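First chain written, first letter: the chains are A, B, C and D, and each begins at residue 1.
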Amino acid sequence: MSHNTFGHLFRVTTFGESHGPALGCVVDGCPPLIPLEAAEIQAELDKRRPGQSRFTTQRREPDEVRILSGVFTDERLDKQVTTGTPIALLIENLDQRSKDYSEIKDKFRPGHADFTYQQKYGIRDYKGSGRASARETAARVAAGAIARQVIPNVTIRGSLVQMGPHKIDYANFDWAQVEENPFFCADPKAAAEWETYLDGIRKDGNSVGAVIEVVAEGVPPGWGAPIYGKLSADLASAMMSINAVKGVEIGEGMAAAALTGTQNADEMRSGNNGPRFKSNHAGGVLGGISNGDPVVVRFAVKPTSSILTPRETVTTHNEDTEVMTKGRHDPCVGIRAVPIGEAMMACVLADHFLRHRGQTGRDGGVGFA
Amino acid sequence: MSHNTFGHLFRVTTFGESHGPALGCVVDGCPPLIPLEAAEIQAELDKRRPGQSRFTTQRREPDEVRILSGVFTDERLDKQVTTGTPIALLIENLDQRSKDYSEIKDKFRPGHADFTYQQKYGIRDYKGSGRASARETAARVAAGAIARQVIPNVTIRGSLVQMGPHKIDYANFDWAQVEENPFFCADPKAAAEWETYLDGIRKDGNSVGAVIEVVAEGVPPGWGAPIYGKLSADLASAMMSINAVKGVEIGEGMAAAALTGTQNADEMRSGNNGPRFKSNHAGGVLGGISNGDPVVVRFAVKPTSSILTPRETVTTHNEDTEVMTKGRHDPCVGIRAVPIGEAMMACVLADHFLRHRGQTGRDGGVGFA
Amino acid sequence: MSHNTFGHLFRVTTFGESHGPALGCVVDGCPPLIPLEAAEIQAELDKRRPGQSRFTTQRREPDEVRILSGVFTDERLDKQVTTGTPIALLIENLDQRSKDYSEIKDKFRPGHADFTYQQKYGIRDYKGSGRASARETAARVAAGAIARQVIPNVTIRGSLVQMGPHKIDYANFDWAQVEENPFFCADPKAAAEWETYLDGIRKDGNSVGAVIEVVAEGVPPGWGAPIYGKLSADLASAMMSINAVKGVEIGEGMAAAALTGTQNADEMRSGNNGPRFKSNHAGGVLGGISNGDPVVVRFAVKPTSSILTPRETVTTHNEDTEVMTKGRHDPCVGIRAVPIGEAMMACVLADHFLRHRGQTGRDGGVGFA
Amino acid sequence: MSHNTFGHLFRVTTFGESHGPALGCVVDGCPPLIPLEAAEIQAELDKRRPGQSRFTTQRREPDEVRILSGVFTDERLDKQVTTGTPIALLIENLDQRSKDYSEIKDKFRPGHADFTYQQKYGIRDYKGSGRASARETAARVAAGAIARQVIPNVTIRGSLVQMGPHKIDYANFDWAQVEENPFFCADPKAAAEWETYLDGIRKDGNSVGAVIEVVAEGVPPGWGAPIYGKLSADLASAMMSINAVKGVEIGEGMAAAALTGTQNADEMRSGNNGPRFKSNHAGGVLGGISNGDPVVVRFAVKPTSSILTPRETVTTHNEDTEVMTKGRHDPCVGIRAVPIGEAMMACVLADHFLRHRGQTGRDGGVGFA
């Protein structure tokens, strides 16, 4: 992983700020001959798009994506396919309304990257936070849409599983519910309760954190690698690279610490297609390599730092002051992180699929005779 | 991060299995003219060495390290220093006692990487688990000892903060206590209680998980990078790459989800040397870049999978069976993960120090006029 | 170097085909606070632009570049500067005139990458050759313009030094002449003769190869690295990655083989600012590291493969046929390779500058007391 | 390519100096289940070993290689195979005879990297030149022996084709002759003449350069990549990274400049297994991708810089002096570069094989129906 690139064989490089002319990404290493239309990418982007409920920012970002390269419509195939060369995706920034920056130009907003960008670079883009804006994640979602096409047998889905202190009840878990509420939540009962809760948070000018769970089904055994290229390590890095993420878990996650060895290790039984696991504490990854069970990742998103409550801070000249971040912000930025988490899962898996195929010549495990 | 290499400018490549002739690492990119003796590396290795109490495996691994390259004793400097070229470190495996593998050769041990290695590679080293052995981490600790010399102003310390369900009380936290008990625990009261607890676990032929906290003090503002090169993302990957780790947290970690924006964002006040933060929910990282506060990382280690309790599993021929892992194993492998976590922190920080210096020409932030 | 990215700290990723909507690049890792205007990049692009004389293709490509990201106009600095985040550059393709592809759609043109793309990917973009088009090099030139700003004390200049069998006379060498003829040739006498020669080639429907020399002055001692990161190795890779290049030389190049040790090794004498070399057979690189002398690289470009003379070839169905490539092509594509070679030199040097600074904390050598 | 690592999926990291305890390499990413014995690697090393004739240095380096990791002898397979994990190879330095360094400790030897190492790092290993010693190439040859096993259908052979000004006559070219003379020369007549020539050079205390040609037969169409990952670019980098190399050519190389388009482009005819080329000016690479023809690379090695003739130089204190490099040196270091060039070819091809397989799922081209 370099600063703005991730992945080895399926490589994603993103660029762009929220208040510049455009943002986008370059996806390099995609296999050739994969059908790809802009509409498929657009569908994923539309899931992430803000302004879809009162719980996400009211900024209007049409986020219309163009494919600039890497595809070709061969007359004999009669459809657009990838060529194996870099796929550049571009999203123009249209909603750059003029805005008063005097409040934040000379103040460091607590919880934001204002102070650290200034210290690192000696300059910061105070119009929209530059690269620290969550808008960068649109490029990830677009790349993730391509990654999904690379591993069509893998189903990747995400759900909000905790908002503030309120967790879902996994007994109610139903993937079909995710699109039925404004929270991407698989527990309809929790979603209903959260609506009232989040309205309160929003009206208080406050914000709240969340936990997202992303599950990949259909990953064959064998993806990943033993040491620093562990599937789990790359997933941890991918999720932690999303704005505002402060924790990442695979399978049991932090709770694994409280278990005993007899509780935690997933026992096995013989099955028709080889061994199967009786439980999935591991979250589908053993020794950094997928075991054929669903890959389960959770990550925590901190509460939106831009809030309507004044907070103590300092000016860029090191003088005490207060700041209150006006503007159109999400009371729970974690909601929109659901499709982003899915996209990162897709990109990491696509990359490991290609890496595994490169080293072994197989798409998955050796199987059972 | 590739399979067995991590870091960009301070790059560590490890090799070796627990039952082969030797293991070690190559550290590339180390700055020149840094004093380095094998004894300094040995001191770190000795912390990790097993067999130091009844709570760690009784295997005898002297883990004696040799520096094979990358250093030079200039007569005019009168001490051994790095030359800027790759530093190879070698640890011979001496305790390769002949052992009966018949029990595990044909069975997949639950919680182990046996099944996944077999599926990925079509072969697995059933003598000592090959690369999946925690023995690989000796090479990380050795590399970490060099990394510490690269960033001498940064103090990196770790503590066990949870064993099984038992957490420390941070009111008792005292770094000086870490070396006073067999658990690397900064809370002496907790350490005393854990002794009885872990004895029980051990006598039951069971094992238990743990949480480790690693703190780096003295990191200046500015290390890290905005997007995929976030300091937090690289730390997440580094910690998740350690054997048996299932969760990683920065600052508040998973608990950030339950906070509100007013609670979570660290307010600032002016100080003599520029702004200071009133709290450290962020764990020293904002927008992926260090903010000058201590960098705080926690990670959860699952319970040792090798236990003396029989577990259901299958043979390599997909037949139902049971397995019980005899031998010399740690009842809480998390204990020995403390120096490993410190080493990974050191390596990640050394790498980001060099990357930051490369891009900006500065060692830290721009400071305040 | 990955497929479409080169450089480590100063990293360039390019994308785009000649007949798609656009091409461009993302430059990651650029230091912050470097003044950068689109006009500066445009000036370099205009040098490479075709259609400037009868000796380069008559395609009209305005090649207007837009900076999409990575810059900011701070009111207090009153000029646009880099922010340290990725700089995306975009060039729209305007001259996509409809064309008859029936001739080349089903035939492999000799000397072109038609056959190899088809074999590798199972598909090839027969409209403009996809990534094999020299149009990709516009992105390199744009990136090179940024690289030059990163190392402002280094002067990078190129000259055609051979066209077909006709070499320049170095006795006539004068950098000021490069812009006075249509060949970027520093020898005005040779340039005058080449005009007649190339007219003949062009009228015959033929083409011819060339050798380009690129010289970087002002490189301090110390850039580069001993083994696989040799400055010379990265330059070789960079130049060989340019379309149609078949050979690369540093200093004496292939001619070094014919020299004896007494002839070849550059003797040294003491100078006011440390040792100086009495000759520069080395081309400014010793052991992979710059020695302070001008860095001298030459590379050979093969004759343009698109010629108006019919050649034997096969169809995509493996049937014998002939092909003649009509259209607007350069009789000596090497001419336009001069600014491309300069750009690659600039990018490689900028990258090594940052890498050296990262490892050592210095901009150049240790100097002399 | 980083400083001491090359390759992406087949990655080689080397370490060690000629006068330290040992040197070696770590080969990461090798496919599993490839038969590998130390004896196979040793056989390649023995080709490169010095002291085999009066034309190579009389240093005695037994260069005995040990495989430290990455292999396993499965009882059921009954032979040692790779496991897919990193293969570490170690060669102890035995011939570290004490030597008088006073002559070179304080002087920069012309043509050597003494000056540049000192400037870059502020320190240099004057005992044996540290990493600048050609001894590092033993690790390359060892890695190359593994690479050959990864691509068993590819035959890689090298020959000296020029010594000083004396070129071979390709009419006499016979691979079987390479092992029949002390020069790895495929032209027996040239080899016979060189013997007298090189004796003269040696007796004069002088040295001479050489050109090596390496040919890989059996490479299928499709290996390589269009832009910065061109097979030709990676070969150029690999060869230029060898000590003392100043020029690299693919196919026609620098001579391509003198050809016309009608001469240079390889015409095609239909064949039984798809198209075949009537000539191989391209050297087996078109657009950076292999075309199925032999891959032909040549590189020039400068004359050995260590000669018995006094040369002007300066001291480390910038004072004029002379230096004469006594000791056991090769009069034509290019001779021993033959197996090194073969090894680099093998490593680059193995890497591109795996990269191609990762992206496309195929071992070679799509073939012809």
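One rule holds for everything that comes next: a residue touches a chain if its C-beta (ideal position, glycine included) is under 8 Å from a C-beta of that chain, and two chains touch if they have at least 3 such contacts.
Remember, predicted model here, so these are calculated numbers, not experimental data.
J.: Which pair wins on C-beta contacts, B-C or B-D?
T.: Looking at contacts between chains, B-D has the larger number.
J.: Just grab the chain with the largest centre-to-centre distance to chain D, centres being mean Cα coordinates.
T.: Result for max centroid distance from chain D is chain A.
J.: Between chain A and chain B, what is the separation of their C-alpha centroids in Å?
T.: 26
J.: Centroid from C-alpha atoms only, then distance chain B to chain C, rounded to Å. What do you get?
T.: Taking the mean C-alpha position of each chain, the two centres sit 44 Å apart.
J.: What whole-number Å value describes the gap between the mean CA coordinates of chain B and chain D?
T.: So the centre of chain B lies 38 Å away from the centre of chain D.
J.: Quick check on chain D: which residues sit in contact with 2+ other chains?
T.: 2-5, 8, 14, 29, 32, 84-85, 120-122, 130-131, 226, 360
J.: Which residues of chain D touch chain C in the complex?
T.: So the residues of chain D touching chain C come out as 1-6, 8, 14, 108-113, 115-122, 130-132, 136, 162-165, 201, 206-211, 221-230, 232-241, 243, 245-271, 274-275, 278, 281-283, 286-292, 298, 300-307, 309, 311-314, 318-320, 334, 356, 360, 364-368.
J.: Applying the document's contact rule, which stretches of chain A touch chain D when the two form their complex?
T.: Of all residues in chain A, those touching chain D are 8-9, 29, 31-32, 84-85, 226, 354-355, 357-361, 363.
J.: So in the complex, which bits of chain D are touching chain B?
T.: Chain D residues touching chain B: 2-5, 11, 13-17, 20-24, 26, 28-29, 32-33, 66, 68-72, 74, 77, 81, 83-88, 90, 120-125, 130-131.
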